[in-house]
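Take a look at the structures listed below.
In what follows, subunit A forms one complex with subunit B and a second complex with subunit C.
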Partner chain A sequence: MDTIIIDGLSFALPLFIIAIGGIYSEKSGITNLALEGFQGFGAFIGALSAVLMANASGTDIQNLFYVALLFSMIGGMGFSIIHAVLCIKFKADQVISGVVINILALALTTFLTAQINSFVFGTASDKFQLGVSDRFTIEGLANIPVIGAVFTNVYPFEVIIIVIALFAWYLLYKTKFGMRLRASGENPHSVDAAGVDVAKTRFSAVLISGLLSGLGGMCFAYSISANFSSNIYMGYGFLAIAALIFGNWRILPTLAACLLFGFAKSGGAFIAQSMALPSSFTDLFMILPYVLTLLLLIFFSKSNRAPRALGEIYDKGKR
Partner chain B sequence: MSDYIVEMKHITKRFPGIVANDNVSIGIKKGEIFALLGENGAGKSTLMSMLGGMYEPDEGDIYIRGEKVQISSPNHAAKLNIGMVHQHFKLVSDYTITENIILGVEPVKKLAGIFPYVDIRSANRKIEELSKSFGLEVDPTKKISDLTVSMQQRVEILKVLYREADILIFDEPTAVLTPQEIDFLLGIIEGLRNGGKTIILITHKLEEIKKVADRCAVLNKGKLIDVLDVKETSTRKMAQLMVGREVNLKSDKNPAAFKEEVLKVEHLNVKNEDGFEVVKDVSFTIKSGEIFAIAGVADNGQVEIADAIAGLTKVSGGEILLNGKDITNESIRKRTEAGISYIPEDRQSFGLVLDFDLSTNLALKQYYREPFAKKGILNKEEFEQFGSSLIDKYDIRSGQGIKTQVRSMSGGNQQKTIIGREIELQSSLMIFVQPTRGVDIGAIENIHKMMIKERDQGRAILLVSLELDEIMNVADTIGVIYNGQLQKIASSESLTTNEVGEYMMGAKHE
Partner chain C sequence: MSKVKRKNNAKNNLIRPIRDEKWQPVTIPLVAILISFIAAAIVILIIGKNPIQAFYNLLQGAGILPKPSYAGYKSMLTDFLSLLNAMTPLVFASLAVAVAFKAGLFNIGVSGQMLVSGFLATILVGYSGLDAIIAKPLVLVIGMTAGGLMGGLVGWLKYKFNINEVVSTIMLNYIAQYVISFFIQMYYIDPVSRQSQYISEAARLTLVNVEMANLKMDLPLGFILAIFTAVFLKFFMDKTVVGFEIKAVGSSRNAAKYAGMNVGRNTVLAMVISGGLAGLAGVTYYLGYFASIQPKVLSSIGFDSIAVSLLGNSHPIGVIFSSFLVSIIEQGSTYMSSQAGIRQEISSVIVGLILLFSACGAYLKHKVSSLKDKELDQKESES
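Presenting the complex of A and B:
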């Protein structure tokens, strides 16, 4: 039971922060299928900077965890500029842009990882070894039955994510920036008429989605993957999109969706393990979150409502 | 220093294929209601959009309070205290009234001295005060999606007032309002003027100008025709200047010659989405060569009757017979083919595909059959030929001929497009729902002429209108509806406007 909660949380929270990134972008009116690419590229930049610094200074890569997080956010944000420029400046189709960015991220980071490994470190490897981040347990609280598991073996990034998520909620719903951002996704004409630059607002929203996705990707690399390789492109970005849609583009319900996915995943793994099934069956249980996605689609598609101007290219002249 | 608060000198603005404003010069005095009169497409809105910062003129200068300015954005216009109340509301339907009003100029407070946040509470209070002081009472915490059209317009006005505008531009403000709401709005506008604000009123409705405006500029096809003192000018003269020719508001028509029965509606009942009966036991007939008008106050079931006959709404009881054939449960296409033409109330949603070009829209009811399509393959040439011939026949004006996107056309020309298309069907029954809503005088005259011409050619015509004048003017037979029931059916000669009005209010029973 405890492992289900512990593992579930450590999977759900990075997913959650990527989904928040998606919410920012989509609430501003830009469809974002590029979350997958953002999180992968962000993780690549984060991992690369950690590996390079560890190599240069001889520090243990564990101690560079926070540096890696910082760089992953910068990397994700930098990469998201492509989506922003394509969709906003050049008014490209947002779906196509997203899909292309995902393919680009996979190809580019796989290639660069192998090249950097052979040229800089002289090893023939397609991954950057990172290891698993240290965890901590809050002694008193961990002894509470059931919920104690929430405070046991916690990754530091889980705390960081919670703090950032709180701030993201505040920014989106309490500040004027957030108000304008949400209005841009509902009726950009009203924003324009109010004298606010729709393009700028949407641009910042996409960059925020890149920043948060990069962070989420890095957390996956430092936990379940323990390295950076092309395995980071497991569809987490798409799962995050599913979560935000089930969450009706709102932060708290999206958290619930992410937790559901997280527990489905850890629960699946737990069942497979406890039944001592051969590894091929473990893979079968791993599809649980995705089957769940399909089922939820049936129930949630009707009642959910996307931002009204989502995916609509804003053209001032249109009446 | 001139005594004008706004001066526009030699303004020219061109769009692809059209000169929207051609060397227009106007001056507006502080504290007056200045009306801009002109038909649809005369360039009124374009001229004012340059004042509101949406466009910049190609030639000419703008002076505000004596100073030459280049208004580059709506923001800049707001800084000059110019505010525009748009015809098409620019509101976020998910937001509250307050949120919509403060968007872009949000009052910000700081939590714990660090975290800035939008101070909705004080904004709510401020807007409540503001709305009361101008007689525009609203509940600032209500969402836009819960408001009626006229309430939404109040929000647009408050938006401008909140930004402390003292030059207010109203773009066709009454196009979407009922007569009572129009009176109320005109009262508000006068109140604003008396409070020292300068008002520019864009409209094509002469009565409104006569009622509130001090001076009035007439535009025609992008050119300034004249600036008039409203008190000293007759409505007739204004109409003539606007259209560029003599206008006859009273239609001449030959006496009706009724022939065989075309439409027979028997004991019709219709329920709305919520299951309420909105049409109750309605029976009437329309003969060939007859214009049958349903008069009534809005939302008394008249639109539902038209929709039920056209097949847009399901019938819950009764029968509809067209040329003796029962069509009560037929599909819309079957009805069209059996001989029904339909000009819907909401032309943009139900009458046209706004993003299609003109020729496609004109062929919208016939595209699937020969000669427009052969074995399911569309014949583009046929579309174009048909389109071109209708453009000439019905004088549909557009920027790029048959290739024009219908969205970019003026309301009056959109309506001509629909009416032309429906007449071409040669149906035995034509249904007109509010055909002259939001179109200008010249076009109204035209539409009435077309209806009478079709009647004289032996069609049966059902007219649903909220304009009593229109009904008295063109109808042969009038059915007055109140609360879903026909109160009275009689020939138009036997009824006076007052009598019809009384039946409409449900005050008079047979």
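Presenting the complex of A and C:
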């Protein structure tokens, strides 16, 4: 039981932060299928900087965890500029731009990882080794039955994600900036009429989504995969999109969707393990989160309402 | 000549090739391809290699230009035929994306649909020992039906329950991947290759190692079908009522509804056609280009096809050309990396760059027309 909660949380929270990024972008009116690419590229930059610094200073790569997190956010944000420029300045189709960015991110990071490994480190490897980040347990709280699992074997990034998520919630719902951002996705013309630059607002929304996605990707790289390689493109970004649509483009329901996802995943793995089935049966349990999402979507999608101006190119002259 | 005028002239010369609106669907992708090859050349220069030689090797590897030497039973022709062999599933898959796109739908599930239809055709026909004359058509029919049903399911979920097709296709991709991996590992695994057992030659859609004129070549039968399908689709989309309705629904759901078209039926229908084409891609891939299925892996064709279809403007004939180009880059990259010592992965970077620049096509179009307007204004004010 404890492992379900522990593993579920460590999967759900990175997914959640990527999904928040998606909410920011989509709430401002920019369709964002590029989350997958953002999280991968962010993780690439984070991993690269950690590996380079560990190499230069000789410190253990474990100690550079926070450095990697920081750079992954910068990397994700930097890469998201492409999406922002294509969608806002170049008025490209937002869906197309998102897909293109995903393809480009996969191609670029795979190429660069191999190239940098052979140039800088002289090894023929297609990944950066990172290891798994340390975990901690809060004594006392961890002894509470059931809920205690939440405080056991926690990754430090889980705490960081919760703090950032709280701030993101505050920013989106309680500040002027957040209100303008949400209005840009509903009725950009009225935002414009109120004297606010729609393009600028949307630009910053996309950048925020890149920043948060990069962070999420890095967390996956430091926990599940323990390295950076093209395996980071497992579809986390798409899962995040599913979660945010499921959560009706609102932060709290999206958290619920992500938790459901995480627990279904860890629960499936747990069942397969405890029933001592042959390893090929785990594949069958792996579909649990996806089937569950589809089924729940069937029940909940009817009432879903996307931001009204989502995917529309904002044209000042058009009324 | 004043400075402004000279600058304008330079600009005009630069955009002259893409000025004609009629030809823009062709010229803009060509410009995008050109720019991305220049960008790729810069990357190759940075890592200290010769780009001209690299591109030349790319064409040699794809069988467009002759290599200096060939192994026994091989020639430029055999290289070219294996290019076509690799290209066949890509054409079908890109057509699948293109049809859905015309209906305003985004089929990200091509790889899942490919896998399901390839798997079903493999176990139903591939292992059956039927004669080639029955087995080959049957493979096609099964592929088309399985893919069509799966695509139709997505269309139905969208129409009936308002489920975004991007989400449902992604979920179905995962489900297909894991379920089929389970079945392959339980029942059909070849313990040596760690893939599904090879299918019978009779069911395979590519004739492998056909000896002719002292050469051993692979003849992709599906390629001819792919070309016919593309031509047929062009006719279907442009000249039939159903094709028109699908396009109408794609460009504006509400307008189509007001015109009395059945939006739901057309959505489902477009996804059935798209899925059917993806199914054909699946059988030409798993029962043509390959003869077995690797468990737990979705083919990258599903995502490449989105790219190829965009590059071809979602136009059936354009798709043939764009998949030809992308196949050359991907097929030739092995030879290029062995000859020029450049990593094979650069091929996907080139493809990615081509896409990035062609996504800017709309902007280019917009810029060109605004420049034209400016010019007109200038002429008016001068006269």
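By definition in this document, the second predicted complex is superposed on the first by the 319 of 319 C-alpha atoms of A that agree within 3 Å, B and C clash if a C-alpha of one lies under 4 Å from a C-alpha of the other, contacts with A are read in each partner's own complex, and residues count from 1 in each chain.
Here, contacts are C-beta pairs under 8 Å (C-beta built on N, C-alpha and C of every residue); 3 or more make two chains touch, one makes a residue touch a chain.
Note that this is a predicted model, so its numbers are computed, not measured.
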_Room on subunit A for both subunit B and subunit C (clash or fit)_ = fit
*Pick one for A:R308: touches subunit B only (first), subunit C only (second), both, or neither.*
first
*asked:* Between subunit B and subunit C, what opening angle does the Cα centre of subunit A see in the overlaid model, nearest 10 degrees?
replied: 80
*Counting only touches as set out at the top, which of subunit B and subunit C does A:S209 meet: first, second, both, neither?*
neither
_First, second, both or neither for A:S229, with subunit B first and subunit C second_ = neither
*Taking the superposition as given, does A:S80 touch the first partner, subunit B, the second, subunit C, both, or neither?*
neither
*Given the touch rule stated above, what does A:E186 touch, subunit B (first), subunit C (second), both, or neither?*
first
*Have a look and say if subunit B or subunit C is in touch with more residues of subunit A.*
C
*Between subunit B (first) and subunit C (second), which does A:T201 come into contact with in this model arrangement: first, second, both, or neither?*
neither
*When the two structures are overlaid on chain A, which partner does A:T175 contact: first (subunit B), second (subunit C), both, or neither?*
first
*Minimum C-alpha distance between subunit B and subunit C after superposition, to be given in whole Å.*
5
*Using the touch rule from the top, collect the residues of subunit B that touch subunit A in their complex.*
54, 73-75, 78, 86, 88, 90-95, 99-100, 103-106, 108, 115-118, 159, 407-408
*Tell me, which parts of subunit A touch subunit B in their complex?*
170, 174-176, 179-180, 182-183, 186-187, 189-196, 308, 316, 318-319
*Taking the complex as given, what residues does subunit A use to touch subunit C?*
33, 82, 86, 89-93, 95-97, 99-104, 106-108, 110-111, 114-115, 119, 235, 238-239, 241-242, 245-246, 280-281, 283-284, 286-287, 290-291, 293-294, 297-298, 301-302, 304
*In their shared complex, at which residues does subunit C touch subunit A?*
47, 106, 108, 157, 161-164, 166-168, 170-175, 178-179, 181-182, 185-186, 296, 303-304, 306-307, 310, 343, 345-346, 348-349, 351-353, 355-356, 359-363, 366
